Amino acid sequence: MAHNIVEEFNAYRSKMNEKLLEDNNKILKRIFNLDTNAFTEGTLPKKTKELLGLGNSLVLRCDDCVRYHLETCYNLGISKEEVVEALSISLLVGGTIVIPHLRRAYEYWEALQTQDV
Amino acid sequence: MAHNIVEEFNAYRSKMNEKLLEDNNKILKRIFNLDTNAFTEGTLPKKTKELLGLGNSLVLRCDDCVRYHLETCYNLGISKEEVVEALSISLLVGGTIVIPHLRRAYEYWEALQTQDV
Amino acid sequence: MAHNIVEEFNAYRSKMNEKLLEDNNKILKRIFNLDTNAFTEGTLPKKTKELLGLGNSLVLRCDDCVRYHLETCYNLGISKEEVVEALSISLLVGGTIVIPHLRRAYEYWEALQTQDV
Amino acid sequence: MAHNIVEEFNAYRSKMNEKLLEDNNKILKRIFNLDTNAFTEGTLPKKTKELLGLGNSLVLRCDDCVRYHLETCYNLGISKEEVVEALSISLLVGGTIVIPHLRRAYEYWEALQTQDV
Amino acid sequence: MAHNIVEEFNAYRSKMNEKLLEDNNKILKRIFNLDTNAFTEGTLPKKTKELLGLGNSLVLRCDDCVRYHLETCYNLGISKEEVVEALSISLLVGGTIVIPHLRRAYEYWEALQTQDV
Amino acid sequence: MAHNIVEEFNAYRSKMNEKLLEDNNKILKRIFNLDTNAFTEGTLPKKTKELLGLGNSLVLRCDDCVRYHLETCYNLGISKEEVVEALSISLLVGGTIVIPHLRRAYEYWEALQTQDV
């Protein structure tokens, strides 16, 4: 079942992103473009950038954004310990209000691991 | 099925609003009252006010508030292009953290259109 | 059915909290510890502290945090009227963007009451 | 000098509030009205309500709102220890991002005490 | 003196924007570009877009962003009454936490008017 | 003059932190303790952690927190280019509402550099 969280999230995300971009709204298209751009290898390595995206997302309490960056972190081979260290900084900075999102982050990470089995 | 999102949202919203107002808490009642008041025709036309309500809701990342104002916009005959332009400003101001809410906004707008068929 | 909201929430919360703490991340463990600590009887009575936790949670628009504090308030014997007064201050301070969370707060409180029947 | 923070804050606040209300905008006037209303004695005592206003303000990181409620707390005779307990809950809930506002809250409280000397 | 708020704000803003763009960071440059782009005449008239920018800024409680959009609104000939109506919607949506920013918005608007005399 | 921003910030910060900790409030003391703890070398290197602290602070729009982490980054020898890359991710995630804080971040970084001359 954990498997489904990942699949469902990605299916919905892809389907709706397509619809967002169909409209040819310039702002939307460029922001999406920049989003891809911002996380490519730069002076900072890709891994650091993904951890930054993850940390920012948790502190802003956006479950879907957390999921997205958890998945990219996972695919880049970042270890759970590294991910948890980044998340723990966001917990401290953002306070206990962040905890419910942390629970869902753990659930998603577990689902990513289960998926590979 | 898209149809159901709209119906479900409105049914839950009405049912719970009734319960909120049953208690006769003065603050709650007056805030609800003001909420109706604020979006009536004024120096600014109703449509502009609804777009403002929509834009504010997206930037504050409140899905239910976005849905509510999308529906009012829809009923006022505001076009999808106008709505998307307002949403795109909120995306720029609020950043990519807003994207998941934008996806759900698009889904709801589609459901509003489907409902009429 | 209302009964289930409470049970489901608590079951998920306990299960995931356990996983969060299994990792032995120092920050996570200490924040959880402090969270227990902060709401014990102090110069301020426990009830006031729970109302503060509730009010803060609503204004920050965290449904799960609101639920958690509603339940503790309920178990401490705080009346619905007192709870609603605290919530109404958060509504005023936080604005109408808070309303959807207020609806869900009312639903949860009702579920807590139903559970006892 | 600490004396001046209090005086300056209140002078600016009064002067500008007057201008806000001069316009006869209905929403503004009613919100201001509700704001007075919400903190009067109710089922919850005035002191608890002021602590709620203070806690909500800190967690939302609004220095001026924190100052306003600190002053009302001070005038109601709430002790520093009680105020700090309320603030500490907001620190925990809101995270370390709250610390700079806590520093300014302490400075204002000190200014309130100095003023009386 | 009111005159100075406007001049100071714009001088600092221009000076620092130049430094931000000197670095040739792609994300920064494109976001700045989009920012210009988003507020040009579109399906929605320029005035509506500026009011949206203003409303979003107030609800997110960013004084500098509010000032920037107030100034553009002023230069587009939007009346104070229209501006206040937009601001009042943001006050209702965002809650009393918005009031200190509203005070500073009024002060800036007054400074814009004084400047012309 | 740029020199003064750094000195003033640090002097105020130290003076007020001392007062915060004098009170012996357990929550405050432990949060401060954790704050030191969270940014020590771990599975993630110190530099990555500081960049995370910086990114989180910008996205939450806390000028003082940004300043604090900029200074630690500077002292760890992180280059301006690396810092700007981290900031640019926060700009994209957090939106244009972040720009005024970015201006002040640049000003502070410049002050840090000037200080060394």
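Letters are used for the chains, namely A, B, C, D, E and F, taken in the order the chains are written, and counting of residues starts over at 1 for each.
Everything that follows uses one rule, which is that contacts are C-beta pairs under 8 Å (C-beta built on N, C-alpha and C of every residue); 3 or more make two chains touch, one makes a residue touch a chain.
The structure displayed is predicted, hence computed values, not measured ones.
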Chains in simultaneous contact with chain C and chain F
A, B, D, E
From the centre of chain C, which other chain's Cα mean sits the farthest off?
E
Tell me which of D-E, B-F or C-F has the interface of A-D again, with more than half the contact pairs shared?
B-F
Quick one: how far do you have to rotate chain B to sit on chain D, C-alpha fit, nearest 5 degrees?
180
Intercentroid distance (Cα basis), chain E paired with chain C, Å
37
So how far apart, in whole Å, are chain C and chain D when each is placed at the average of its C-alpha atoms?
24
Centre to centre, by mean C-alpha position, how many angstrom separate chain B and chain C?
27
Which residues belonging to chain C are in contact with no fewer than two other chains?
26-27, 31, 34-35, 38, 56-57, 59-60, 65, 81, 85, 88-89, 91-94, 96-97
Which residues, counting only chain C, touch chain F once they are in their complex?
26-27, 30-31, 34, 37-38
Flag every residue of chain B that touches chain F in the complex, lowest number first.
59, 91-98
Would you mind writing out the residues of chain A in touch with chain F in their complex?
31, 34-35, 38-39, 42-44, 48-49, 51-53, 55-57, 59-60, 65, 79, 81-82, 85-86, 88-90, 92-94
Contact set on chain B toward chain C in their complex
12-13, 16-17, 19-20, 23, 25-28, 31, 35, 56-57, 60, 62-65
Residues of chain D touching chain F in their complex?
61, 80-81, 84-85, 88-89, 91-92, 96-97, 99-100, 102-104, 106-107, 110
